[in-house]
Amino acid sequence: MAGSSFGSLFRVTTWGESHGRGLGVTVDGCPAGLALCEEDIQAYLDRRKPGQSRYTTKRSESDSVEIWSGVFEGKTTGTPISLVIRNSDQHSKDYSNLKDVYRPGHADLGFEEKYGIRDYRGGGRSSGRETAARVAAGAIAAKILRELGVEVMAYTASIGPVVCDPSAFDEEYMRSSALYMPDADAEEKAREYLEDCMAQKDSSGGTVHCVVKGLPAGIGEPVFDKLDALLSQALFSIGAVKGVEIGDGLFAAMSRGSENNDQYQETEEGPKKMSNHAGGILGGMSDGSSVLIRAAFKPTPSIGQAQTMLGRDGEVHAMEITGRHDPVIVPRAVVVVECMTAITVLDLMMRNMTARMDHLRKIYC
Amino acid sequence: MAGSSFGSLFRVTTWGESHGRGLGVTVDGCPAGLALCEEDIQAYLDRRKPGQSRYTTKRSESDSVEIWSGVFEGKTTGTPISLVIRNSDQHSKDYSNLKDVYRPGHADLGFEEKYGIRDYRGGGRSSGRETAARVAAGAIAAKILRELGVEVMAYTASIGPVVCDPSAFDEEYMRSSALYMPDADAEEKAREYLEDCMAQKDSSGGTVHCVVKGLPAGIGEPVFDKLDALLSQALFSIGAVKGVEIGDGLFAAMSRGSENNDQYQETEEGPKKMSNHAGGILGGMSDGSSVLIRAAFKPTPSIGQAQTMLGRDGEVHAMEITGRHDPVIVPRAVVVVECMTAITVLDLMMRNMTARMDHLRKIYC
Amino acid sequence: MAGSSFGSLFRVTTWGESHGRGLGVTVDGCPAGLALCEEDIQAYLDRRKPGQSRYTTKRSESDSVEIWSGVFEGKTTGTPISLVIRNSDQHSKDYSNLKDVYRPGHADLGFEEKYGIRDYRGGGRSSGRETAARVAAGAIAAKILRELGVEVMAYTASIGPVVCDPSAFDEEYMRSSALYMPDADAEEKAREYLEDCMAQKDSSGGTVHCVVKGLPAGIGEPVFDKLDALLSQALFSIGAVKGVEIGDGLFAAMSRGSENNDQYQETEEGPKKMSNHAGGILGGMSDGSSVLIRAAFKPTPSIGQAQTMLGRDGEVHAMEITGRHDPVIVPRAVVVVECMTAITVLDLMMRNMTARMDHLRKIYC
Amino acid sequence: MAGSSFGSLFRVTTWGESHGRGLGVTVDGCPAGLALCEEDIQAYLDRRKPGQSRYTTKRSESDSVEIWSGVFEGKTTGTPISLVIRNSDQHSKDYSNLKDVYRPGHADLGFEEKYGIRDYRGGGRSSGRETAARVAAGAIAAKILRELGVEVMAYTASIGPVVCDPSAFDEEYMRSSALYMPDADAEEKAREYLEDCMAQKDSSGGTVHCVVKGLPAGIGEPVFDKLDALLSQALFSIGAVKGVEIGDGLFAAMSRGSENNDQYQETEEGPKKMSNHAGGILGGMSDGSSVLIRAAFKPTPSIGQAQTMLGRDGEVHAMEITGRHDPVIVPRAVVVVECMTAITVLDLMMRNMTARMDHLRKIYC
């Protein structure tokens, strides 16, 4: 049972490899009557595409999206939306030296053990390129969410040891930053750090933060499809994610109840939560506050240094990984986190619509 | 669309509230021919049930499991297994003062906003008591895994600021420890810390570590139902979890590729990985090493101190939460983590069975 | 992957065997705020329970339903509703002579080949008794449908060669008829026919018709989860069903487009369809007319005559099937058809709620 | 919640409209290691494509399939297989006169009521053209089944009142027959009947029979995902199907148990069933005999005669439907029935693989 679909009611199914004809996604269950054109989607893809800075792979892909179905006269019709992105700059030969080894930090061994066969060109299906399809689908989800008053925003919070200062948060700066960092000083230091990594043929990890604003309370489906549970599935499904936190995250494990509980106080505008340690999620449902999510990405496993790895012949081989790789994937992953979050939140908002007899009556009576 | 089911092929559906007649679970898709009796399951429930130490709630429940279907002459038949646990020690009246407020750190507001109605007795469906059903199902999954050579083991790794020393790991000690800690010194300090919390009518968070040994490579279904993605959904679906990490987890975000990649070396027993920063999962599939998982639990939100909270009347109320609560839930959550991990791993092993034509031929030709 | 669940949003999962402790169903996704008590459900179960006439099994079961979860202060809470029905009149020993043969017309061989083990007492999981759980869940669905203005009604349309005359349709008569036939003359003849069957230790088949009134247009999810497609799955999942028709059914295959198309005419009350050959379903969606469904049931396979059958020893055996059996199951199947139809229709109405941006805005804006 | 996916483990998701850029299907879960090329699929599509005889639409489409992903060096890799078929001969203008009326026998009204918007060009998503995607996916399923020793074969059993004589069954003749009828005399009469229909600007219905040979016993998942239940969903999901029967079908309702039960006799080759009234399915599982399925198709609703229909203005309109239509769709539907059957059967065979501990041990121990 393969796992290329995500979401229950707003359901996306992705396909495609790094070095095939292209890749794409089918969005089944998109509500009808949404104004939608290729530009809506392209704007998101442009944030993910390679070649935006010297810190990304040199592979040159336009990542142009084509809508093949589900839109008629500029509006979604309720039928499945098929989105296609062609591959154009493939250097398959770059990878032929990799077909007989399992690269450290990659899925090579797993694919071969699972399927008995592996498309070794550029990582095949496990390439980060697959996330372009998620971004295309997520752009639609984000557009719907905006119409419902919900905003999703992600940014780079750290690269290696360089951490943004929350008090220096500048959203506008972030939008024009090559590293999607909202703190100019931190970005400067992160660039220096990355230059050093590149000089040493090495790579860096980092973290992405994501905020969801405007989400009504009660979104999330206990007890297994809770908002935090599905958000974490969504984020861990992105290659290289090794940790996910909600609100205070790991820090909560070290605190006391009296510190961690979010209490209320009266204000001029009515009762307000005095803190948001919970990150906007209690008991797996949104509580009406902003939802705060953090994802930790490991460093790009493909590095130019010589490494020892297992071969298909059962021997250990020392090799340098050539090819075109990002020294850090975090800046390009920002929009992927945003899009997976949007898909998850929209899907749960749709699932919530049948939670009450009141809602059924509102639609049918 | 409610979310009370988990797993695709080994599918569990739980039901029940803290203060109803009881709770239970239906396991659909359990393979036929497994020797199974109530004792197999009870042994797991006994590890979760209250009253094992002074650090757990005083609610007295035997948590006796009854098998109502799916087992014939001591073996599973392939039909759904219905497991029932009766509630016996209910003090519903304890909770009547809570029906008009939303407790800090609890799902009260979310439930009311979502459903327009809320069973306020003991948290209703959001009570930790619901996890008894998961443990009952997980005991079956764990038994099957053992027959396939896969072991799942979890333990308390920290309570508040007190962290176990990995070099002092003593599995035997852990099994008899009231706090399920594998380090006697740390446990001693944790007890002192908890006494202090209790004296101050406060509570503590903590972390649980879980290890899966013997899992073959290639388990996990890219690109959305990856092993780490579903494990994190499984763990975040447990109330109070605020963070999940695989392998190096958050630390990976600060490291470099050359540090984080697991390289190989020749040994007398053949090629071996020199480290396990990946925690046994690469590209969303097991890589043949031990799988290492960490979950961070927030402190029990129900504390005896007076707190300010929102009321259904839209006003702020200061109140003390009475009732019977655990000063720390981590020790009782250990077996829940183990069971959710077992269900996830078994389900993905079953899903993996159709991945190759070879496997189809092995069964049908 | 077992198949004990039906429905996507209003999701029922049944469990239990003919001769275990009991049987039951979990309804996950029932909207909150529905007034519900055991009597609502019992009224439906009473229509299915044995012993209502001399044409049903002599097994004596009260089939009393117990609500174990999901209802608080007389209303559904949105959490899973667990319904339990205990078995009380079990004569397991009656069946021990059947454990080594595969009864003609029964699932015995299939169960043994599939699972390698078989609960032979009363057919185990394949007993018609399993349908009690479906009726319990369907009673809830039917109650919700009524609140939304949708009525589901089924009746016996034929028994063996005896067919009800549509022009003699008398709903009131049907409700008090032991055979659930709406035509007194036909019922008289059917009784005579059944007496003859019983005298010859034989059994009879028959057909059930079902009508859904008040369903809005547009219900059904192309292209695979069409209204007719899921209705037919629902009905074929009832043991003994061998054919399902919508509207003109098989007759449509013999007709011409000019005869089969439903045309419109002006009337005093506005435009009206002049016929309903389509049975209220076009392109897999309701068209606003009454939905007309027919299911054909084979005769009860358990008969008292000697029959030749395969044994587990690979030999042919001649045997009489003893035990307590219905000479015709159709009258008791009427309420099962009604309930499976109600579950299917409600689930698709819930699925339809997210079809349009308009609906999302109605709930969230 | 849209319904464009079918199957659980071998999961197909179709997309595309009659008059968009094209249509396609993603097959997720196809086992790895299957030799597959475009010709394997094209051979099936050629049996469905228009223009094969004077009894099919004059729309000229090559229906050339392109494999965009999931195949590497001639073998399936276990990753999703994306198949694309471009539309080439679109006459969208033909349909502009239909945008303000709801054609009799079509889904027009349902689509508009459901989604508030309708792609009226050629029926949009409800066009029979959508079935090309199913055939492409089904060709893969059929190839896998053949490797496992299972054959699926369908044919035209009747057109209007003209019924094939089972005793004249000639498979070779059928394969070259424009109408896919296995009886030359019946085909001759059917041609005459169709000429008469065409002369009167009318259309005809018909039936398709389908046989599955070589299926092992025990395939099908009680109690809802039975083999017959999912086959009937699969067939009713094909536009124009109004009835489905298994084995004796409707006739079983008129017979007695002693006639309908399939008894055994000793033969020289061992015990044999003396009849197959059950059509190879008992209790929702295959019984080792051939599976016999029948589907009844209504006549093509688009006919050249003037008809009265409802308009979007709420008035009744008299209109002739122009455009390019088949006078009978049954011959082109034969391969669609075959392919939907293949997908259903393969998916259930894959689901059956986890039914027993024995099977798990065979793969993992």
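For clarity, chains are labelled A, B, C and D in written order, and residue numbers in each chain start from 1.
We adopt the following convention: a contact is a pair of C-beta atoms (placed from the backbone, for glycine too) under 8 Å apart; a residue touches a chain by one contact, two chains touch by 3 or more.
Being a predicted model, the structure only gives us computed values, none of them experimental.
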Third chains touching both chain D and chain A: B, C
Comparison of B-D and B-C (more C-beta pairs in contact): B-C
Most remote chain, CA-based centroid, reference being chain B: D
Inter-centroid spacing, chain D versus chain C (mean Cα positions, whole Å): 26
Mean-CA-position distance for chain C and chain B (Å): 38
Length of the line joining the C-alpha centres of chain B and chain D, rounded to whole Å: 45
Set of chain B residues in contact with two or more other chains: 1-5, 8-9, 14, 29, 32-33, 78-79, 111, 114-116, 125, 216, 222, 350-351, 354-356, 358
Interface residues, chain A side, partner chain D - complex: 1-5, 8-9, 11, 13-17, 20-24, 26, 28-30, 32-33, 66, 68-70, 72, 75, 77-82, 84, 111, 114-119, 124-125, 350
For the chain D and chain C complex, residues of the former touching the latter: 1-6, 8-9, 14, 104-107, 109-116, 125-126, 130, 158, 160-161, 197, 200, 202-207, 216-226, 228-237, 239, 241-250, 252-266, 270-271, 277-279, 282-288, 296-303, 305, 307-310, 314-316, 351-352, 354-356, 358
In the complex, chain D residues that touch chain B: 1, 8-10, 29, 31-34, 78-79, 144, 147-149, 216, 222, 349-351, 353-365
